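For clarity, chains are labelled A, B, C, D, E and F in written order, and residue numbers in each chain start from 1.
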Amino acid sequence: MLNQMKEETIMNNLKNFTKGFFRENPVFILLLGLCPTLGVTTSAINGLAMGLATTFVLIGSNVVIALIKGLIPDKVRIPSFIVVIASFVTIIDLVMSAYVPALYESLGLFIPLIVVNCIVLGRAEAFASKNTVFSSLIDGLGMGLGFAFALTLLGGLREILGSIAIFNWKIFEGIARLINPATDYTQPDGILVFVLAPGAFFGLAYLIVLMKKISK
Amino acid sequence: MEYILIIIGAIFVNNIVLAQFLGICPFLGVSGKVKTAVGMGGAVLFVMTLATIVTWLIYTYILSKFGIEYMRTIAFILVIASLVQMVEIILKKISPSLYQALGVFLPLITTNCAILGVAILVIDKDFNLTYSVVYAVGTALGFLLALVIFAGLREHIEKLPIPKAMQGIPAALVMAGILALAFMGFSGLV
Amino acid sequence: MDIILNTLITLSALGVVLAVILFVVAQKFKVIEDPKIDEVEACTPGANCGGCGLPGCRGFAEACVKAETLEGLYCPAGGNEVMKEIADVLGLTAEEKEPQIAVVRCNGSHDKRRKTTTYDSALSCAVSATLFGGDTDCQYGCLGLGDCVEVCTFDAIYIDEESGLPIVDEDKCTACGACVTACPKDIIELRNKGKKSRRIYVSCVNHDKGAPAKRACDSACIACNKCVKACPFDAIVVENFCAYIDYEKCKLCRKCVEVCPTGAILELNFPPRKVKVENTETSEIEN
Amino acid sequence: MAINKLTVSMSPHDYGKYSVKKIMSGVVLAMIPALLVSVYYFGFDAIRVNLIAIASCVFFEWLFQKIFIKGKLTINDGSAVVTGMLLAFNVPSNLPWWIIVIGALVAIGIAKMTFGGLGNNPFNPALVGRVFLLISFPVQMTSWPKVSVLNFAMTDAQTGATPLAIVKEGLKNGESYSSIMNSMPHEYVDMLMGNIGGSLGEISAVALILGGLFMLFRKIITWHIPVSIIGTVAIFTAILYGINPETYASPVFHLLTGGLMLGAIFMATDMVTSPMTGKGMLVYGVGIGVITVLIRVWGAYPEGVSFAILIMNAVVPLINNWLKPKRFGETIKK
Amino acid sequence: MLKTFPKGGVHPKENKFSAGKPIETIELPKQVSIPIAQHIGAPAEAVVKKGDQVKVGQLIAKSGGFVSTNIHSSVSGTVLKIDNVLDTSGYKKTCIIIDVEGDEWLDSIDKSTELNTNIDISVDEIRNKVLDSGIVGLGGATFPTHVKLSVPLGKTCEYLIINAVECEPYLTADHQLMLEKADEIMVGSQLMQKAIGANKILIGIENNKPDAIKIMSEVAKKYENIEVSPLKVMYPQGGEKQLIKALINREVPSGGLPINVGCVVQNVGTAFAIYEAVQKNKPLFERVVTVTGTSLSKPCNILTRIGTSTIELIEAAGGLPEDTGKVVSGGPMMGKALSAITVPVTKGTSGVLIIPAKKSSRPKTYNCIRCGRCMNVCPMGLEPYKLKNMCVVKMHEELQAERILDCIECGSCAYTCPAGIPLLDYIRLGKANLNKILRSKKS
Amino acid sequence: MAKKESTFLNMTLTLFIITAVAAVALGYVYNITKEPIQKAKDKKLKTAINIVVPGADKGTIEIETVKIEGKDLFIYTVSIDDKIIGTAINSFSNNGFGGLVRVMVGFDENGKIIDSDVLEHKETPGLGDKSSKSVSNWNEQFKKMDISIMKDKTLKVSKDGGEVDAITAATITSRAYCDAIQRAWTVYVETIDDNSQQKETTETEIIEENTLETKTVDIVEPNEGGNDNE
C-alpha cells in the first residue's frame, strides 16, 4: 500500500519533471520567457548558461515559496514572491560575475531580467504555491531544464548556421585539424543573419514548428 | 538635437523589440489587433517613463548613496510592480476613461522585461535624468511602433490561408524576423 | 558588515513602505481572475472547437467556475472523462452523457446518384446550396464539397473519393456538432454511439415522393413504410416521405434493414449475419 | 435535348481578359530590356545568375507546395519566375551559385511559402532574399564586378564599387561631392545606359523605365507608386543638395544610381505587398522615398531602397486599414 | 461627356445579337408550369385546384401578404396538378401546371392595340390595378410594384426614374420594347408618376441604343415633364443606385432605398406592363424575353407566356446548339445558370442566354494577388477581396462593418479578378449568413 | 490550502520579514562574492593589458584617465620594480560601423606598438569583429609597427593610400581601428612629453602587484557604457 503510494508520487514527480521538455516546454509550447530565448542564443554555450541560471532561480524560488507558502497573506503573495525570486536572481548575478565573468558579460542584461521571466513567477504562482517542497523542486528542475534545453537547441542551431560551429568548436576547421593537425585552414563564415536579431526569430519560428510536429 | 538622435536611435536603430529583444512576450501576445496594440503601447509608454524616473531616483539617491548598487534588481522590480498597481488605482479614480483604455494592459506590464530592462539600461549607460527620460520615451515609442506595425500585419494574415503548421506564432515570428531584417537598414543612422 | 546593514535597512524600509501602499491598494494587486479557471482550462482538450456552445475552451472553463452546478455544461470533445476531471477540480458532480457520434444521413454515392449538371463555383457546400439543389436530381442529398470536413477540428470526417460522401472516423469524432451546424443540407445528425458502437439509421433525408426519389437516387428512402411495419419497437416513423429511426427507442434488432427495398437503412459495426442478406452493399460503404 | 450536362455556376458568367499568368508574363517581358543590358555589360555571368535564380525559385516553390500546401500545385502561375528574375537582378553578377540558391530558398521558403504562397506574403520575397543575403554574405554581396562590354569569357572580372558607395565613402572621408564626382569614372550617360557597377539588373535606368512604361501600358501597374517614390527622392535630395551641394549628392545622381529605378518600377509595385488604393499607394511611395534617402544619406549602407521597401511592406496593412476606398452612399448619414 | 456613375464599373463585350429584331410571338406551349413564387416576398396562395378550368388572365394564386402579388394564368385550359417543379432557383418549387386548351382570354381584357393616353384615374385605383394585375418589377428583382408605388408617409418623391439602361450584355428585350412601344411606356410612366406624386420623369438610356434614344426623345416631347438622358455605356449602370447617381448625382445612403433621395426607379418593361394593366385591364402573364447566345442560329426577342418551358424559347430561336455548356436565365453578369432547360419562364426572366461548353467553365483560380482590381471596379466602393476572405473565415461582425450588405451583387469584381476568384460566390454566402445572424438577433 | 487572512499587520510584517531575510542573505552573498568580483575585474583588466604589454600581470599598473571628446581614455603604465616596461592605452574611435570601438594598444618604451586588440565593439559578427584577436589575426600587422616614424601623417588603410591592409569588406572597421591607434599614439606622445599637459587629467591611481590581493583599489572601470547585448 505504502509502496504503491510512493510509486505513484514517484511517477507523478517523473511526469512533472519530463513535461517541461516537450509537452509543456516553456519556450516551444507555452511561449514564455522569449526575450532571453531570442536575446542570448547566439551560441549553444550562451543558451545553456542562461538556461542553467534560470533553472537555478526556478529551483530556488520554487523551493522557498513552497516552504513559506502557508505563512504569506494572500494579498502580499505576489510581492513576496517577487522578493524571493529577485533575491535568487541577485545571487546568481553576483555569483556569475564573480566566477564566470566572461559568460556573465555575454549574457549581460538578461541575467537581472530573469526576475521578470514569466516562467519563474508563473511557476511560483501555479505550482509552488500549491505543492510540496519536493515536487516543487522537481517541477522547477524540469521546467528549468526544459528551458535550458530549448535555449541550447536554439543556440546550437544559430551557432551552426551562423558560425558553422557548435559549443565554440569550429566544425570545418575542427575536422580539418583532426585530419591534419598542422593545417592552417580557416573556415568560411556562416550565414551571418543567424547570429543577428532576425536569425533568432527565424530559428525560433521553425523550431516551434518542428517541436509541435514532434510532440504530436 | 542630441535628444532627437537618442529618440531616433531608440525607435529605429536599436528598436527595443526588433534589435534588443526586450518585451517580446507582450509583442507576441498583445499584437493580435491594432486597437489593443495601440492601447498596450500607450500603457507601456506611460509606465516606462514613470518607472524610469522613479528607479533612476532610487538608484541615484538611495542605492548609490548606501553603496548597495547590487540591490538594484530587487529594488527596481519591487518598485515597478507596485508602481504599476498604483497607477492602476490612481487612474481608475481620476480618469476612468483612460483607465478603460489602458486598464487591461497594466497588469501585463509588470512582467514585461522591457520596463525593467530600460530601467537597468539607463543606469548601465550612466545617463542623467533627462537623458534617461528621453531614452525611455524613445524606447517606448519604438515598442509602440513595432507593436502597431506588427498588429497590422497579424490582422492581415489572420484572414489568409496560412499553412496549418505555420499558423499563429510561427508565422508571427517569421514576420518579426523579416521586420528585424528590414530594420537593420537603419543601422548607422545615429 | 555595514553593507549588510545598509541593505537590510533599505530593503526592509522599501518592503514596509510598499506593504503599506499595497495595503491601501490591496484589493487590486493582481489580475483578478480565479486561478481555478486556469485549472479547469487545463482539463479541457484545448481544441477550442466551440462544441460546448461557449467561446472556446477558456470560455467554457470560466462558465464552469462560475456555475454552481455543472448541469447543462458539457464538453463534447472531452466527453465524460474530462467532465469528471473538471468536476473534481471544482468539487462538483458532472453530468454523464451517453456518448454520441456524428452520422451522415445520405447514401447517394456517385454510383447511386447520377449527376445531371456540372457544378462550377466556389467549392463550398454553403455556396452551392444557395445556388441550386445540387448537381443531381436529389435536392436534399449531400453536396460533397466538404464544409463539414472543413469545420471539424478533430480531423474526424473526410470525403471518400469513391463515393463522394463524407465519412466519420469513429475514433476521432467527439460529437462536438460543428459539422451538424456547418452542413447546409442538415444531413448530419448526432446520434447515440450505441453499444459497441453499433448503430442503425436511415441514411437519407429526401422529402420527394417515392417515384422521383427513386429516379434521383438508387438508395433513396421511398417512404414505402415497410420498415415501420417491421419494427417491433415502434422506433420508426415516416414523415414527409422519409423514414426516421428514433435512437432512443431502437433496440438494434436489424429487422428494418432486412426489409428496406432500397438499402436506405444503414447498420454499422454489426457482426456479419449468418443468413444471407441481399443488401449488404450499403453497409460496405461506411466500413 | 442537351447533349452535355449543363454547367451550373453563380454569376457572373463572363470574365475579363486579365489573368495572373498574363500579368506575370507581362512583368517578365518588361524585364527583358534590363536583362539584355545586363548581358551586354556582364556577359555570360548575367545569364548564369538569372538561370540559377529562376530555376531554384521555381524548384523551391514546387518543393514547399508539396510540403505545406498539399494538393493543388500552382507553380505555373509564373510568380516564382518573376521572383527569381528579380532576385537575380538584385545581386552582383559574380555571386557564387550556392549563395544564389540560399537567396532563392529564403525568398521562396521563408518569405513566400511560409505564408501560403502567392498572394499571402506580407513582404516582397525577392527583397527578403536579397536583404538576407546582403546581411549574411556582405563580402560577396558587395563586390561588384566592373562592367565590360560583351565579355563572354569567364575570366575573373575585376571588382569595383558602385557610384553610390564611392560617393558615400568619399563623403564619409570628408571629401566634397563635386571632387568625388570629378574623379568618378562614370558620367550621367553611363548611369542612364547602365555602364556602371552594381547589381546586374539595376544598372540601366533607361531599360528599366522602358519596362515600366510597358507595364503601365499593359495596365499591370499604375503610375502611383513609381511616380511617388521617384518624386519623393528627387524632391528630398534636391532640398538637401540645395542646402549644401558639397556634402549632399545631386538629385539626378540619386535617381540614376543604385536600385532606385529597379525598386520603384519593379519591386515596390508588386501588388501583393503594396497598398490597394491609389491614395494608399502614394503614401507608401512617399514612405519608401523618404526612408531610402534617410538610409542613403545618413545610414551605414550606401543603398537603402530594399530596406525602405521592406519597411513600407510592413506598414501596408495599416495603410490599407486607414485609406479605404470611398464607400458609395457614405456622404449622406442615415 | 456623357453622364455616368463616377466610381467603378466594367465594360464587358456587349454582344447584342438580337438588337433590332422585332418582338415575335411563338406558338402556345402544350403545357405551362406557373410557379406561385415569382416575386420577392411571400409566395402567392393557389386559388385553383386540380381539374379546374382556367382562362387566360384568370387569377390562379392570390397575393400572400403585403409584399407579395397575384399570379394569373397565362393560358386557357385545365389545371393538371399542383406539384413541385424545378425552377430558376435550382430547387423544386410549387407550381400550378396547366394543360393548354385553346387560347381563351378573360372578357375584361382589352385586346385592342390602340393607344389610350387618358390617365384620368385615381391614385388608389392605379395601385389597386397594379396589385390586381400582379405587376412586379421586370428589371430583374421582381419586387411587387404596388409596394414601390406607395411612397411611405413622410417621404416625398421628386423623380420617377425609368430604367432603360439595359446594361447587361446580350440582352435587348427592353431595347426592343422601347422601339416598338414608346408611347405605351410613356403613358405607363405617367401613371406611375401620378401614383407616387413625382414632379419629373427621367429616362436613362445607355448610348449603345441610339435608335431607342431617338425614338424615346421624340415621343417624350408629346408628354410633359419627361426627359430622356443618354448615358455612357458602363456596367452596372442599370443598378438603381448607380443610375440615380448618374442621372441626378445623388447617393442613396447605405442601407437606404431610392426614396431616401426622392426617387423611385422602375424598369421600362414595368412601365409597359402598368400601361397594359391600367389602360387595358391586362394582368401580367406574358413578357418579352431575349433568347440569345453566340452559338445560337437565330437570336431573337420573344413575347412569351409565363410558365412556358425554356426549351420552347430555345427551339424558337433555332434550337439548342450541340456544344451548349450552360444556359443562363438573364444576362451574363447577373443571370442565373439553369440546372435544366425545362424550367418555366417567370415574370423575372428577361433573357435566355446560351453559352457554349468552351466558355462555360470558370477561369482557373489562383490565390488573390491583391491587385486591387476588384476594389477599383466595385461600384459600391467595397473591398471584395477582403470581404471574400472574411466570409471564408466567418468574421461576420467585421463583414457588417465592411458594409457587405451594400453589395449589389453586380459581379464586376468577379468579372475582373485576374486570379479568377469567385468573389461574388463568397460574398453572397457571407451576406446570407450575416442576414441570418441579424435576423436571429432581432427575434 | 486555506488562504491566509490579510490584515494590515500581517501584510506589513510578512513583507518586512521577507525583505529583511532577503536583505541579510543577499548582503551575505555580496560580501562573499565581493572580492572575487573585484578580482575578476582586475584580472580582466590585467589580462587585457597583458596581451598588449606582456608581463603586466606581474607588474604594477598606474592608471591615468584622460577625457577626449567627452569620452574617457585610459593610460596604464606598467612597471616592474619601478622600471617601466610599457604603456597600454585604452583608446577608442567613434567611426566604427556600429559606432564606438575601443582598442587597447601597448607601446614599448620606444613608442613602438607592442600589440593591440579590440576591447569593445558593436561591429558585425563575421565582418568587423575580425579586428579582434579572438576571431582573426588581422591585427597582427600592427605588431612592432613603429608609429613614430609617421609623426606628421596619420595611419591609414591602403585604400586611402595608407599602409594598413583593411579587413575584407570591413574597411570602415579597419579605419576606425587605425583611428583608435592614432589617438592612442597622440595621447601617448603627449603624456610622455611632460610639458604638454593641456589635457585635463582626471585621476591617477596605482595598482600594485602585491597589494592587489588585499587592498580594494577603486579602478576606474574601463568597460563603461556596458555591452547592451550581443
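We adopt the following convention: a contact is a pair of C-beta atoms (placed from the backbone, for glycine too) under 8 Å apart; a residue touches a chain by one contact, two chains touch by 3 or more.
This structure is a prediction, so every number in the text was calculated from the model and none was measured.
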item: Subunit C to subunit F, fewest steps along touching chains; value: 1
item: Least step count from subunit B to subunit F, where 1 means the two chains touch; value: 1
item: Farthest chain (mean CA position) relative to subunit A; value: E
item: Chain pair with more C-beta contacts, D-E versus A-D; value: D-E
item: Chain separated most widely from subunit F, comparing mean CA positions; value: E
item: Distance from subunit F to subunit E - Cα centre to Cα centre, in angstrom; value: 87
item: Distance between the centres, which are taken as Cα means, of subunit F and subunit D, whole angstrom; value: 45
item: Between subunit C and subunit D, centroid-to-centroid distance (C-alpha), Å; value: 50
item: Numbers and ranges of subunit B residues touching at least 2 other chains; value: 20-21, 68, 70-71, 74, 78, 82, 121, 124, 160-161, 165-166, 170-171, 174, 177-178, 181, 184, 187-188
item: Touching two or more other chains - residue numbers and ranges from subunit C; value: 3, 6-7, 10-11, 14-15, 18-19, 22-23, 26, 29-30, 116-118, 120-122, 127, 131-132, 135
item: Touching two or more other chains - residue numbers and ranges from subunit E; value: 90, 337, 339-340, 360-362, 367, 422, 425, 428
item: Pairs of chains, among all present, that meet the touch criterion; value: A-B, A-C, A-D, A-F, B-C, B-D, B-E, B-F, C-D, C-E, C-F, D-E, D-F
item: Residue ranges of subunit B touching subunit D (in the complex, touch as defined); value: 34, 148-150, 152-153, 155-157, 160-163, 165-166, 170-171, 174-175, 177-179, 181-189
item: Interfacial residue positions of subunit E with respect to subunit C in the complex; value: 84, 86, 89-92, 337, 339-340, 360-362, 422, 425-426, 428-429, 432-433
item: Residues on subunit C engaged by subunit D in the complex (per definition of touch); value: 115-122, 127, 131-132, 135
item: Residues of subunit D defined as touching subunit F within the complex; value: 138-139, 142-143, 169, 172-173, 300
item: Complex interface listing, subunit A residues touching subunit B; value: 31-35, 37-39, 78-79, 82-83, 86-87, 89-90, 93-94, 109, 112-113, 115-118, 121, 193, 196-202, 204-206, 208-209, 212-213
